[in-house]
Amino acid sequence: MALEIVYFAWVRERMGMAAETVELPAGVATVGDLVRWLAARDERGARAFAEPQRIRAAMGGAMVGPDAAIGDAGEVALFPPVTGG
Amino acid sequence: MALEIVYFAWVRERMGMAAETVELPAGVATVGDLVRWLAARDERGARAFAEPQRIRAAMGGAMVGPDAAIGDAGEVALFPPVTGG
Amino acid sequence: MIRVSVGAAAIDVAAEYAAHDSGGHGASASFVGRVRGAGGLAELFLEHHPLLTERGLVALAEEAAARWNLAALTLIHRVGAMAPGDTIVLVLASSRHRAEALAACEFLIDRLKTDVMLWKRETFADGRVAWVEERGSDRARAERWD
Amino acid sequence: MIRVSVGAAAIDVAAEYAAHDSGGHGASASFVGRVRGAGGLAELFLEHHPLLTERGLVALAEEAAARWNLAALTLIHRVGAMAPGDTIVLVLASSRHRAEALAACEFLIDRLKTDVMLWKRETFADGRVAWVEERGSDRARAERWD
């Protein structure tokens, strides 16, 4: 299944791209799975996702935790804790 | 001893004056004594000070309780609870 | 840094904000209170003491400045006759940090209602005149800061 | 009644206040946050997502409107490059009662810092660039509203 992944802030910088479309491998069911898979995929992913506890995610505009099922979301955003205001 | 008494809001209206100077009788030592004395003095005082728990006082610009000693304050303000803001 | 004013002139919120804010503070909190026209109110009159009311506002401002680390503080109360929609009170508190600006602003408006010599008298369209009564909820809010 | 905006244009506090306040509300609370120039900061950049950031602000505003009885609510966040002294964020909340206006204003600025997709990047005069880290104190303040 095709999934659009969008990156922000230093996650974007470390990934060297703002977004990508990936074909989800079998076994990647949750946001936490996705982060682990990206960390293991290549050196940029290892650098961006070395500390999964510092990664936040959103699907459909709402923040979600690592246990959230990706299902047929179509798009997942991955980013550091927000710092607006 | 001469004491200036200043009245505000409905205390002023019920007393029919904004201020007066009185000669303090013996035995009137505290703000509470003063309120009781005014309530007993005449009909206007009885009307203004019928409910002593609704009367507030200030001396030297600071709010004081009924037990505050008048001493040589020179001026005491008597008024209802404040309602600014 | 502390600016306190009590008078019968209309309060120009934008001008006061500009004067308060010349330093360009990190965090600024404000509170504006207005005359409400509910219940057929025609006039709100604020009675005060020329000297003691200002002294009470200054004491309150100084207490806020002692409690929080403030870069600027403005406290303006109008007195005399006002119409519905008029601004009665303006509080502006600035600090490097939002928590201090917000807390100081709330402290000032809460304590103003119980500690400063000001009395509201309402005149209604039907001619009725009534002094506003102290509210228990105001006293409870003010006591949170004791 | 609810007005939410996110964009790169400078925030005109006086104009926004006038637009917010056309109703002449009984009690209005505001918060203004500004870029601080401490530590040799040259530029603050706010990264955002064109769609999701605004959606987050709208959700927050709607939550405030559900919690408190508000007459008007304005929530404006600037994004992109800013200089020290520039206004980053403006919150305006009005109600008949001061407690609701003050609480809504504080809720909005607290939760904005933890719930909305915005990221600060600092560039210093010496060329150093750093993403601002999440602060534990911000998280603690936001959690008071859970």
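Labels A, B, C and D are assigned to the chains in the order they are written; within every chain, residues are numbered from 1.
Heads up, the rule we're going with is that contacts are C-beta pairs under 8 Å (C-beta built on N, C-alpha and C of every residue); 3 or more make two chains touch, one makes a residue touch a chain.
These numbers come from a predicted model, not from an experiment.
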With a step meaning a move to a chain it touches, how many steps does the shortest path from chain A to chain C take?
2
Please tell me the distance, in whole Å, between the geometric centres of chain C and chain D computed from their C-alpha atoms.
24
Please work out the Cα centroid separation of chain B and chain C, and write it as a whole number of Å.
26
CA centroids of chain B and chain D: separation to the nearest Å works out as 49
Touching at least two other chains at once: which residues of chain C meet that condition?
33, 109
Identify all positions of chain A at which a residue touches two or more other chains, and write them in rising order.
none
Every chain pair meeting the touch definition is listed as A-D, B-C, C-D
Listed in rising order, chain A residues that touch chain D in their complex are 6, 8-10, 58, 61-63, 77, 79-85
For chain C, which residues are in contact with chain B within the complex?
33, 46-49, 51-52, 55-56, 59, 77, 88-89, 109, 112-121, 131-134, 138
Given the complex, residues on chain D that touch chain C span 13-14, 17-18, 24-34, 36, 84-85, 96, 98-99, 101-102, 105-106, 109, 141
